[in-house]
Amino acid sequence: MTGWMVPWFRWSARKPGARAWSLMGPGLLFLLVFFLGPLAFMLGYSFMPRGIYGGVKPGFTFEAYKTFFQPLYLGVLWRTVVYSVVCTVACLGLGYPVAYVISRAGQWKNMLMFLVILPFWTSFLVRTFAMMFLMRDTGLINTALIGMGLIDEPIAMYPTSFAVMLGLIYGFLPFMILPIYTSLEKLDHSLLEAAEVLGAKPWERFTKVVLPLSMPGVVAGSLLVFIPALGSYLTSDLLGGSKYDMIGNIIARQFGAGNNWPFGSAASFAMMGLVLIAVLAYLRTRDDAAMGNA
Amino acid sequence: MAGRTPRWLLAIAGAVYVFLHAPLLVLVAFSFNSSKYGASWEGFTLEWYGRLLERADIMAALKVSLIVGLGSTAISTLMGTMLALGLARHRFSGRTFVESLLYVPIVTPEIVCGISLLILFAWMKLQLGISTIIIAHVAFNISYVTIVVRARLEGMDKNLEEAAMILGANEFVAFWKVTVPQLWPGIISGALLAFTMSFDDFVITSLVSGPGSSTLPIVVYTMVRKNIEPSINAISTIILVVTSVMIYAADRLERRDAPQGAR
Amino acid sequence: MSGPVVAFRNVSKTFNGSKAVRNISFEIQPGEFFSILGPSGCGKTTTLRLLAGFESPDDDGGEVRILDKVVNHARPYERNISMVFQNYALFPHLSVEQNVAFGLERRGVAKAEVASRVKAALEGVRLAPETFGKRAPSALSGGQRQRVALARALVLQPPILLLDEPLGALDLKLRKEMQYELKQLNRRLGITFVYVTHDQEEALTMSDRIAVMDNARVAQLGSPAEIYERPRTAFVARFIGESNFLSGTVVGFEGGQLRVRRDDGTEFRAAATEERTDGGKVHVALRPERLRFVPPGHDADGNALPGKIKAVVYRGEMLHVRATLADGTDMTAAMSNEGQLRLPVSWKEGDPCLAAFAAEDVRILEAEAS
């Protein structure tokens, strides 16, 4: 099995470039064909006339983009951005304290981190279902409220925009905690002592030392929440409904009942455009921060 | 350390932990509740788990999920590990391009990834089924495996392979006897994460699966859409347990015997 | 065997257009303790890596020879050498025994022999095999890891052992101990040691010969005494030990001595082997222990440059007296401490003095290659 490997290792030992590319070749090829390739295809589809039973017909048209830039869909786009911003801000407000507490938790650190990592990786579908299960008419929340005599009739907690935003926050909160924790963890505690010796009060130590030094984590976390929130589909599908559509739902529908592939492709690119703006803004702030530190 | 952590911060953190975990705990608890509707506890039962076994669609979906999970994990782990080896250890031009390419799958929304693949498969006239799901899962998993393995590689002492060669090992033996044994935890934890993501994924899978190739999450989604019933809690609990065990193992592997770096 | 074990012939190595090693040549004799000394970035590590086989010379970059064979492109495992790394590079996934056995196994040595040789090697570096054999490297102290690394290299009984700053991570006391021990091993085993270090004291203590490297070149090659007492360039004079520097214009040559006039008009003499043309510029170095300060009017019996005392610095076994000459040049004289509590040195800041030194102690420096 290893017959050809020995000569390959020897041959490539003095050719780092050749070795690197031959190791990376299969993976890169796969990503080119099955990730970048499809994105390029999608771009092409967005400029073609729609086929009658899905797919496209040959030709070139801006029809799909014209459809997208109608008030109806621009409204959906706006709603998507609003939900995502609210979700990001809420995650920041909830996530920063958690990350801060973990970073100072000593021997409990690993366990507390694991409890954040766990929901990070567990099924988004199952977690969204868990929210539905709690919030439904016969769910624990309504039952408890009725049992306490606070309400007589169950509150219809979903489909509402509140439910969608809560679902998004619940889904993406770990994405905020992890990077902030990482930057807080790197923070040298002697800096805080130095600040204290120099007369900084607790609040000032936080605003003048901790917060600025954890900004890279805050920015990265915000990006990690904002991007998947923009692209989310499942949350608004299950906890919302057509009244609370986000772009993801519009896109998915074009490949199902709507059967308008060019329009779905165009909407996808609108979404990718927003993602790109977010990423570029992130790179910008990160480079600025790097310059500031230099 | 300057000062203790204020109480109100601890309170917020505690509340967030409850927010993160209570819904899942409730979900799990009610998978053992004999009440079919409502939120009252009417006794412990395993009935809902028993019912899962009787349902052919769920058993078939479990089989599909396992095939897809194992297949896509094997491919993405191999490719991702090789990518990490190429990226971490060598000087070459084009590094920035490769690194940007690796981040594309991470920032691309799932729905976009799914429909773009759907368009490609339609154009290629590929029958949607297990193979298309595997391709899709490999496409979004490679980057994650690469990142995990590369982190491990970068923590490793670069002199070790050189030391092995000075002691008489050729390049292959040095790689096999020195680098690979230390890389294993990284490779395995990358594989565990890849399997978890494959096993959990709904959005992409639902777009590229065909008739007869529904995975577990697709069946769960259909059930949720139809009617909320305790069987969903049972199947969700199974998914949760599988992924939690995987994540726990991956987490341990990443922490344990981390290689001693070059200081 | 006769002839050098290692020879570098006009070796050059370029990385991304910049020369890491520029046309260096030297030979190392069997059994020698040979040190390559220089500041970081001088090319000493590249030189060692060229010898180990981790790098190859440029295509037109001369020859590296080991045991009379050209090895420019031989892989590390094809060279008859062993090496101790700066960070020890012990395999963290193998026990101490397995680390030491690694090289023997690659050579296909029989199992029983491996076990006995590993045991002997560990004993040779004074680590009890019963206590340490099964431990993981991470469970050892820095000094113990160092010994394991040494045992792992020596168990192969190589004719040549490369050591890349092996003592850098140890504390001072342990370092002194290991210096002595390494020297003993070199003598006892008859293995040629090639030792890379930036620590001049370490090199002086252990080496038979030293190659001082600066700016990708060998600045000077010689025994510790030659390097210290006859530095060829200002770099060597400054890097090894401390030096005072003077310069001036040649105004005469008589009795084997140059007469040098400094810019402020004062003159001194410097022993020279060859005549220099009048009007040529010269730079000289003078070790602090070869310089004395005497009161003005004192018969200096040699060179005497007027100045003012600046400071007396207490250094334990030595005292450093610093003075400023009329033109602002600082000079330092080292004198042995005769007991400052009993018999203090009488110099005080501002005292006028003469800097006195013999013409024979002045080293005329060569211009440095750039």
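Just so it is clear, A, B and C label the chains in written order, and each chain counts residues from 1 on its own.
Everything that follows uses one rule, which is that a residue touches a chain if its C-beta (ideal position, glycine included) is under 8 Å from a C-beta of that chain, and two chains touch if they have at least 3 such contacts.
The structure presented is a predicted model; accordingly, all values stated were derived computationally and were not measured.
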Pair of chains ranked first by number of touching C-beta pairs:
A-B
Greatest centre-to-centre gap (Cα means) from chain A is with chain C
Go ahead and note the Å separation of the Cα centroids belonging to chain B and chain C.
55
Just the number, please: Cα centre separation of chain A and chain B in whole Å.
16
Hunt down the residues of chain C that sit against at least two other chains at once, touch-wise.
75
Would you give the residues of chain B that are in contact with at least 2 other chains, written as numbers and ranges?
170-171
Of all residues in chain A, which are in touch with two or more distinct other chains?
10, 13
Residues of chain A touching chain B in the complex
2, 5-6, 9-10, 13, 16-17, 19-24, 26-28, 30-32, 34-39, 41-42, 45, 54-55, 94-95, 97-98, 100-102, 104, 110, 112, 114-119, 121-127, 129-134, 136, 138-140, 142-144, 170, 173-174, 189, 192-193, 195-196, 202, 205, 227-228, 230-234, 238, 248, 251-252, 255, 261, 264-265, 268, 271-272, 275, 279
Of chain C, residues touching chain A in the complex
56, 75
Could you pull out which chain A residues touch chain C in their complex?
10, 13-14
Of all residues in chain B, which touch chain C in the complex?
157, 159-160, 162-171, 173, 177-178, 181-182, 257, 259-260, 262-263
Quick check: in the complex, which residue numbers of chain C touch chain B?
52-54, 75-77, 81-83, 85-87, 89-93, 102-103, 106-107, 137-138, 152-153, 156, 162, 169
